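Have a look at the structure below before the remarks.
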Amino acid sequence: MPEAPPTDEGWFVLHDFRTVDWDAWRDAPAHERERAIEEGVAYLRTHEAVEDAEEGASAVFSVLGHKADLLVVHLRPTLDDLSRAERQFERTALAAFTEQPTSYVSVTEVSGYVSQEYFEGDKEEVDAGLRNYIEGKLKPDIPEDQYVAFYPMSKRRGEEYNWYDLSFEERSEMMSDHGDTGRDYAGKIKQVIASSVGFDDFEWGVTLFAEDPVEMKNIVYDMRFDDVSSKYGEFGRFYVGRRFPPADLGAYLEG
Amino acid sequence: MPEAPPTDEGWFVLHDFRTVDWDAWRDAPAHERERAIEEGVAYLRTHEAVEDAEEGASAVFSVLGHKADLLVVHLRPTLDDLSRAERQFERTALAAFTEQPTSYVSVTEVSGYVSQEYFEGDKEEVDAGLRNYIEGKLKPDIPEDQYVAFYPMSKRRGEEYNWYDLSFEERSEMMSDHGDTGRDYAGKIKQVIASSVGFDDFEWGVTLFAEDPVEMKNIVYDMRFDDVSSKYGEFGRFYVGRRFPPADLGAYLEG
Amino acid sequence: MPEAPPTDEGWFVLHDFRTVDWDAWRDAPAHERERAIEEGVAYLRTHEAVEDAEEGASAVFSVLGHKADLLVVHLRPTLDDLSRAERQFERTALAAFTEQPTSYVSVTEVSGYVSQEYFEGDKEEVDAGLRNYIEGKLKPDIPEDQYVAFYPMSKRRGEEYNWYDLSFEERSEMMSDHGDTGRDYAGKIKQVIASSVGFDDFEWGVTLFAEDPVEMKNIVYDMRFDDVSSKYGEFGRFYVGRRFPPADLGAYLEG
Amino acid sequence: MPEAPPTDEGWFVLHDFRTVDWDAWRDAPAHERERAIEEGVAYLRTHEAVEDAEEGASAVFSVLGHKADLLVVHLRPTLDDLSRAERQFERTALAAFTEQPTSYVSVTEVSGYVSQEYFEGDKEEVDAGLRNYIEGKLKPDIPEDQYVAFYPMSKRRGEEYNWYDLSFEERSEMMSDHGDTGRDYAGKIKQVIASSVGFDDFEWGVTLFAEDPVEMKNIVYDMRFDDVSSKYGEFGRFYVGRRFPPADLGAYLEG
Amino acid sequence: MPEAPPTDEGWFVLHDFRTVDWDAWRDAPAHERERAIEEGVAYLRTHEAVEDAEEGASAVFSVLGHKADLLVVHLRPTLDDLSRAERQFERTALAAFTEQPTSYVSVTEVSGYVSQEYFEGDKEEVDAGLRNYIEGKLKPDIPEDQYVAFYPMSKRRGEEYNWYDLSFEERSEMMSDHGDTGRDYAGKIKQVIASSVGFDDFEWGVTLFAEDPVEMKNIVYDMRFDDVSSKYGEFGRFYVGRRFPPADLGAYLEG
């Protein structure tokens, strides 16, 4: 039977999408809107500062189109931290103006496909550069780039093309080619890869960051021609948005 | 024609998922919230104590993300017990703050794939160890482990890979390999397997329990490479949560 | 071109599923709840007594889980009878506490696969036993058994396995084997088969009745290994419930 | 590359489905219900009389089950006529008691598969009988028959069975066989075929009319064995209903 | 591995679909409806005049059927311009009468399939005619034609027919044939093609414009026989509507 790759896991991730009830917002008296903004900003600030847990990272983004208006991403050491962050949001006056149309639960992951030396030897002896690289994947900062795209994906288990029926070597080679495509976008695209196997409806959640949103289109398009995507990728819905500092929440909501 | 495996059934199972109407909760006067908590705790306590039926087990979990906020699992000897438990929940003041976005109905099952000696001989002569093992599958305690994952699944009836068109021996061998993968997680993962054939939209409901949620990711990922999953598994939505004692309901709802 | 089987049709069938708005129910004053029960019981009684049409049968069931709370099944000679029954329900005070999340429209059917002699000769000369059997399929009593399961299904028209591309003989043989599996459950399972071709989203609606709900799981599981299901069956959602006499409506609603 | 058939188009078609808010209806004071009926009847009458456009046809049907309660079908020379008819409905007091759960937009079409001589020669020289036949397809009366069934459909573009990859001759032959099945129902079934390519989610909308609803089941079942359906048909949801004269709207709504 | 085509991108596109809450509209006092119309017209006028950004184009259309009532299309140089346009709409009194049931985010794109000389040489040396042509694709005017159709689409990655597994030459040839079909509609159909890879659920959004809506049906039908669509096209939902000048908003809403 084909062999699963070795993996290491880091922080758990919650993508918390929210729609704004614009009718309620328009109708609310100024002091209610002010309180919502105040509590919203405070929530976002304390979570971006990770005052709610030992370590982690959080950021807020505006989202285009009907699927959501806001996306709050939390990375934290435990699922409990995420659950608390999700419920704390509900305690703010901002929450009264939002619904949660969707969300995604995952855990950052590195696998033996791409960093075999890390998994093969004694982890204590891994050189510092690689260790930093791995650490950056498992406990990532949220990049400062302006734009974000998120999508969940699974590997195909088709009757002819079945990822899980390939040998480790075949999978590893395709993942390596895929990595080469990614390296063409070094400096233009950063990404957080997290596994949602057992936690959510697809197998991974991919979050892309870029200063130029066209590069996000370009990398996804280029990668679609890689065998690993073209023959073995199944994609969920795509979301695109823009980061803003908590202090800009009011400006965002006022249009 | 291929032969169905012999099966034995135990308790019926209801996975009762609930979302909390956080807006209503925030807006409710303190005494209403207190009554909701009081009646909610009482409901959960009496059901965890199985005061509503001759035997069984119940537990409550918080759930991450938009799909649900609470999961109450009931195992009981009859469908009527489950129906009553479901309706009794609606009589509590807590129910006024919840909706039921989804649910799952099933019955615990052991099959001839994995315990052939149990099904072949005279059941009275089965040795005590095996009988206890089977009994533990059919009338399971809900493990004390902190984390839970739930997903429904079916066996594929594809035009090329059709589980129901395989011989009993082929199916049995794959199930046995699958069991081997499971045994690698002994002590880390416990599971309740229940059939929903004829009762709900997939064929089985799988509930996993673990102290470390990463192990739930790992076992599902490892098993996905087993032929029985890779070629023959079709999965529904995944839910992940954490158990809490009824007394903590108030703390959970207050964020 | 393959030949369609000859068929005979009997009563039209409406599966009318209802969810109860438990919040509204809990909040309603006692006299409103009483009136809802009174009018609900009256509706169910007169329809079980078929006072609304020349002939037919009706029954009410509680349903487990989120998909519905009540199922009212009506069999009547005409679609107009069904339409009237559906609208008369809306006139009761009970309806104010319900929504109709789903439904199914079909007509009882016997086909030449299973009763070839009935279709081949002069129907007047068919012997009385067979005629009674056919009549029982077309104008069925609703069995007194406690439990019900309902699911819609279609025959697969896959690129490799295409039911509608098989010869009548091939189809007939598979249906006959399927009937053999069914006969193993004689006395344990009764069923009503009705065609929804042209009327609803699947091709048939299957309603099973049993004293022991495990037998409903068993028959569907066993049949799934029959070629006719394993290679050619496509199934919709499954619903499971329990019959109750109209007089018990109040007890059901009170939890 | 395979050749598209020549086509001619006639009236545009709107299938406007409506659910009735029975709770609101039950609760409304008599004078509001009366006004709703009055304005609803007036709307239906003027549209059946086509007072809103130069030519066309309209009819109203009751629909069974949860998918809709009313279906108003409009055929008109322009999409603008349909848009106006749709919006005029919203201006009636009846609309306050309805929602529009679904709809379908299409245009009547005849194609070169079935009337090759019409498309091949000089259309002015086509004999009067054929011209009338074509005209009846493009600008159809709505038959007086009591029952209606509607479903949208597309032709399969599967990896093995791909309608759009067949030669014109292959398609034409299958359409001709299909027409033969249809002719078996002459006098029992009438149909309106309209293309929704570019306008709505499937490729065609099919509306069947019959005095006996069982014949609608029979024709769809028989046709499913035609190669054109069995191998190349993809079907959407099915709706079944009954025509009523505008004057009966009140009786329908009162149950 | 197959090679991705070179692409150039222009303006970002938001298709902002809105349903009108006709019940609220009917019930609103005249002055509220007037204010909604006034603010709606002002919003549409300033956006059609692109007063909100450096360059771009906007237009409003009525939409037939239940999927939407209004479609506002915005093309702008940045995603931020689109986000602002979306939120500014929510600030109008018109927005109180609308919901946003769906939307689509994309960016205009030309690719090396159809304009190879543009991509191969030094772009500065491209002749003026081609440069204008490309510019017209990337920064398109919204045609004055009356009718619009919109649909999202992806290229198939099937187990047998996989667009992303074809050589550049194979893809290019099919795209060129597809272009030939398009040229048959020169003067009758105009189109805006925009990529949504990484931004939305399908890979491209196609917006067609025509004076005669039948031509939109014809071109989509004809193109469906092109290999590129017949074997490799996957289509989402279709929407059809009609352009109106902002000043006609009131007339549209009044029916």
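General observations
Letters A, B, C, D and E mark the chains in the order given here, with residues in each chain numbered from 1 onward.
Everything that follows uses one rule, which is that contacts are C-beta pairs under 8 Å (C-beta built on N, C-alpha and C of every residue); 3 or more make two chains touch, one makes a residue touch a chain.
Keep in mind that this is a model prediction, so the values were computed, not measured.
Steps from chain A to chain D, minimised over paths through touching chains, total 2.
The set of chains in contact with chain B as well as chain C is empty. The set of chains touching chain C and also touching chain E is given as D.
With centres defined as mean CA coordinates, chain C is found 46 Å away from chain A. Once the centre of each chain is set as its mean CA position, chain A and chain E turn out to be 28 Å apart. Each of residues 159-160 in chain C touches at least two other chains. If each chain is drawn as a node and touching chains are joined, the picture is one closed loop, every chain linked to exactly two others. One closed ring of touching chains is present, and its order from chain B going to chain C first is B, C, D, E, A. If you check the complex, the residues on chain D that touch chain E are 1-4, 7, 9, 12, 14, 16-17, 79-80, 82-84, 86-88, 90-91, 95-96, 100-105, 107, 157, 159-160, 162, 164-165, 195-201. On chain E, the positions that touch chain D within their shared complex are 22-23, 25-27, 62, 64-67, 147, 149, 151, 158-161, 177, 208, 213-214, 216-222, 224-227, 229-231, 233, 237-238, 240, 242, 252, 254-255.
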